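Each chain gets a letter, A, B and C, in the order it is written, and its residues are counted from 1.
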Amino acid sequence: MGLITLKNVSKSFDDVEVIPPLDLEIRDGEFVVFVGPSGCGKSTLLRLIAGLEDITSGRVEIDGVDVTEVPPARRRLAMVFQSYALYPHMSVRKNIAFPLRMAKLDKAEQSRRVESAAHVLNLTEYLDRRPGQLSGGQRQRVAIGRAIVREPEAFLFDEPLSNLDAALRVNMRLEISELHQSLKTTMIYVTHDQVEAMTMADKIVVLQAGVIEQVGSPLELYHNPRNLFVASFIGSPKMNFLRGDEADRHGAHTIGIRPEHIRISANEGEWKGTVGVSEHLGADTFFHVRCEELGATLTVRADGDNPLQYGDSVLLAPELAKLQRFDADGLRIT
Amino acid sequence: MARAVPARRKMLTTILGWGVGLTIFFPILWTFLTGFKTEAEAIASPPSFLLFDWTLSAYDAVNQRTDYLKHFWNSVVISFGSTGLGLLIAVPAAWAMAFVPAKRTKDILMWMLSTKMLPPVGVLIPIYLIFRDAGLLDTRLGLVIVLTLINLPIIVWMLFTYFREIPVDILEAARMDGAELRSEILFVLVPMAVPGIASTLLLNVILAWNEAFWTLNLTAAKAAPLTAFIASFSSPEGLFYAKLSAASTMAIAPILIVGWFSQKQLVRGLTFGAVK
Amino acid sequence: MISPAVALLLCWMLVPLGLTLYFSFLRYNLLMPGMEQWTGWTNYYFFLTDPSFWDAIRNTLTLVIGVLIITIIGGVLLALLLDQEMWGRNIVRLLVIAPFFVMPTVSALVWKNMFMNPVNGLFAQLSGLLGLEPFDFFAHAPLSSIIAIVSWQWLPFATLILLTALQSLDREQLEASEMDGAGSINRLLFIVLPHLARAITVVILIQTIFLLSIFAEILVTTNGGPGTATTNLTFLVYAQSLLQFDVGGGSAGGVIAIVLANIVAIFLMRMIGRNLDA
């Protein structure tokens, strides 16, 4: 079981409160992603759950048991670090076996579990190497292997993919999702990359300055962001925002419209604009359109073979049903 | 990307480099060679470089006239003793400073270093008098104590700079893997700290071995290490170049070899981590 | 866990220092035990007005500055040379750093007797072969001879540190400056030397600490002479207290040495302290 509950948890370093009191429930088997800009407190929150940081006030429960005072070694959680934190003086085999050795499992069981983890992670032929002799992706796998062998209540991932190159990152993303599907164990995953959050999570927790801005499934956040911050953080490219007259016309302080919800053409639409830089991704093209009347540059998605060019005059047609309205405090008007 | 160096240029730098290197090394080489000459050959003009009758007579003479082994053993006891004692005191201190830093840690480190700046001559008299009254003059224990104290700041600093480089992540990973404090120290911290401790040990043995202020001033005969033993050759009696060379070779050879092995750590250690 | 180390060092620092300070105000001679009496600043007065004190200060400064100039310039050149690709570079490196591991008494005696001796020394023999008059180093240039010996001992240290610093220079920075049109002289002046500035400062400060206390080299070669020609502050204090048994005067000298060393130390501590934050 891996039910994790935070009750009124807060954290201060010296006199600075980095996480004001918050509540959060993570259900058994869920894949939860903490996402937010750097310095938002997401890693700190993860370390509070791990027990690597002391909680200033409140309590952490695992499966209903208060573990606030329990040292990390006894929380039965496994963690994958950003730096991988492999033991440089041990072979891959010993690295993976370390938690089992600590749990005093018998040798036969240890090697059985190490072999099977190595098999799953394609590490079998590297078992006798030292971490220093492995590539970034392989080290990442060893770190994951070390986490899975002990069959923890939950996995904690602290930005595990940020040291990998782009192609490898997509691969490992899939592997971790695959792992979650087969293990069905609770996973808590910290990242600043909203694409990772959207693609992997059952539930996303958006954090800013230690405060939970919104909790929900990826599509909930995409369709119904609670406020301006979530609206701008989720989605790629970012949502376009307009203020002033155009927002007033829709009875809002700010209005937002996603690039995929604007149609671009030479002759049809209500906003006039001039095509600026265009980004051709093949399947899609993103145009950056300068709209003098609105006093803004909007990003618009179009088909991959759209022939518009730099300097062309165009008209933009927003899908009004998808338009989102925000009040002066940044909260979405529903 | 490194670019290929033209062979001609590499040839020139090689010749220049070896020329300079051998020039600097020459006094040591010459001493080594002279130790195998007879006293007459040692001052023969023109000097012979390699083509002389190699003999161990100078070594025999040194060993007969003086008790080389006793001084050698004094050097070993004093340098290893002071370094070992220093490590015993410094390891816990450096560990605490690196992993549980408090607000004053930095100040304490700087203050420790400042004691190293104290010119030894400034405290020579009190130490001499205290040692005289405590019966520590010309004892190995006395020198172990003094050398421990004068090298303690360096030992703490070196250990601190090594310990600080052990990533905290790894210790946390061990905790997450279910390691209690004892296992964390035993299986993770110690294996990662051993290389640092070893190079601290080597460097401080070298420093203590070659220390020549306190060893000259606080010993007479009984506890005199090799530095003082060699100093006894400063008032020459007859022909003594070969004997001086033989004794010098025996005094520096062990530590020169240790030094060659620890040259990388030397820079870090002696600059307190300011140059790596 | 820090406290044993701190306590020990505190004792080591305060007790002898306090005693030195106390003795420096006493008339205290080891040959006349029981005759100690308070004399105020007299010891300082005599020590500071003794002409040999000013000789010692001049010799100390000459020794420190002379060795620093030789080792820094030589060290930079050697470091630049050893940074080049060559066959057997590691062996050359070992040859160059070897003198650092030679104990001071050995290097002083070997140089004095086997090289600089006016009759049988290697230099005398070589000049004899060339038909020149042999030069009596310790009679005519005693301080310069000691500077040469000490420089030989410390050149490896400077070289090693400067070489380490040189190797940490980002190669892309050099290539960028090359693309910007800098020739090899300009690269040395504007990229390499500024990069070495910090390491040079470290070398200067650390060597100064050690060079201020040079002792064994003087003791076994010249015993401070002829006259006071090679007496530095450390040797003067030693001679005053352990040869003339004037503890009071020696202590006053010790206090002066401490004050001088502290002026250097303050700069060194600032450097290292800054590094601690970085």
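In this section, a residue touches a chain if its C-beta (ideal position, glycine included) is under 8 Å from a C-beta of that chain, and two chains touch if they have at least 3 such contacts.
No experiment lies behind these values; they were computed from the predicted model shown.
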Number of hops, chain A to chain C, where each hop joins two touching chains: 2
Chain-chain pair with the highest tally of contacting C-beta pairs: B-C
Chain at the geometric heart of the assembly (C-alpha centres): B
Farthest chain relative to chain C (centres taken as mean CA coordinates): A
Distance from chain C to chain A - Cα centre to Cα centre, in angstrom: 59
Chain centre separation (chain A, chain B; CA means) in Å: 53
For chain B paired with chain C, centre-to-centre distance based on mean C-alpha positions, whole Å: 17
For the chain A and chain B complex, residues of the former touching the latter: 50-52, 71-74, 77-79, 81-83, 85-89, 98-99, 101-103, 146, 150, 156
Sites on chain B touched by chain C in the complex: 2, 5, 10, 13-14, 16-18, 20-22, 24-25, 27-28, 30-31, 34, 43, 45-47, 89-90, 92-93, 95-97, 105-106, 108-110, 112-130, 149, 152-153, 156, 206, 209-210, 212-213, 216-217, 226-228, 230-231, 233-234, 236, 240-241, 244-245, 248, 251-252, 255-256, 258-260, 263, 266-267, 270-276
Parts of chain C lying in touch with chain B, wherever the complex brings them together: 1-2, 4-6, 8-9, 12-13, 15-17, 19-20, 23, 78, 81-82, 84-89, 91-107, 109-111, 113-115, 120, 122, 125, 128-129, 152, 155-157, 160-161, 164-165, 168, 171, 198-199, 202, 206, 209, 212-213, 215-216, 219-221, 233-234, 237-238, 241-242, 247, 250-251, 253-255, 257-258, 260-262, 264-265, 268-269, 271-273, 275-276
Chain B - residues contacting chain A, complex: 167, 169-170, 172-180, 183, 187-188, 191-192
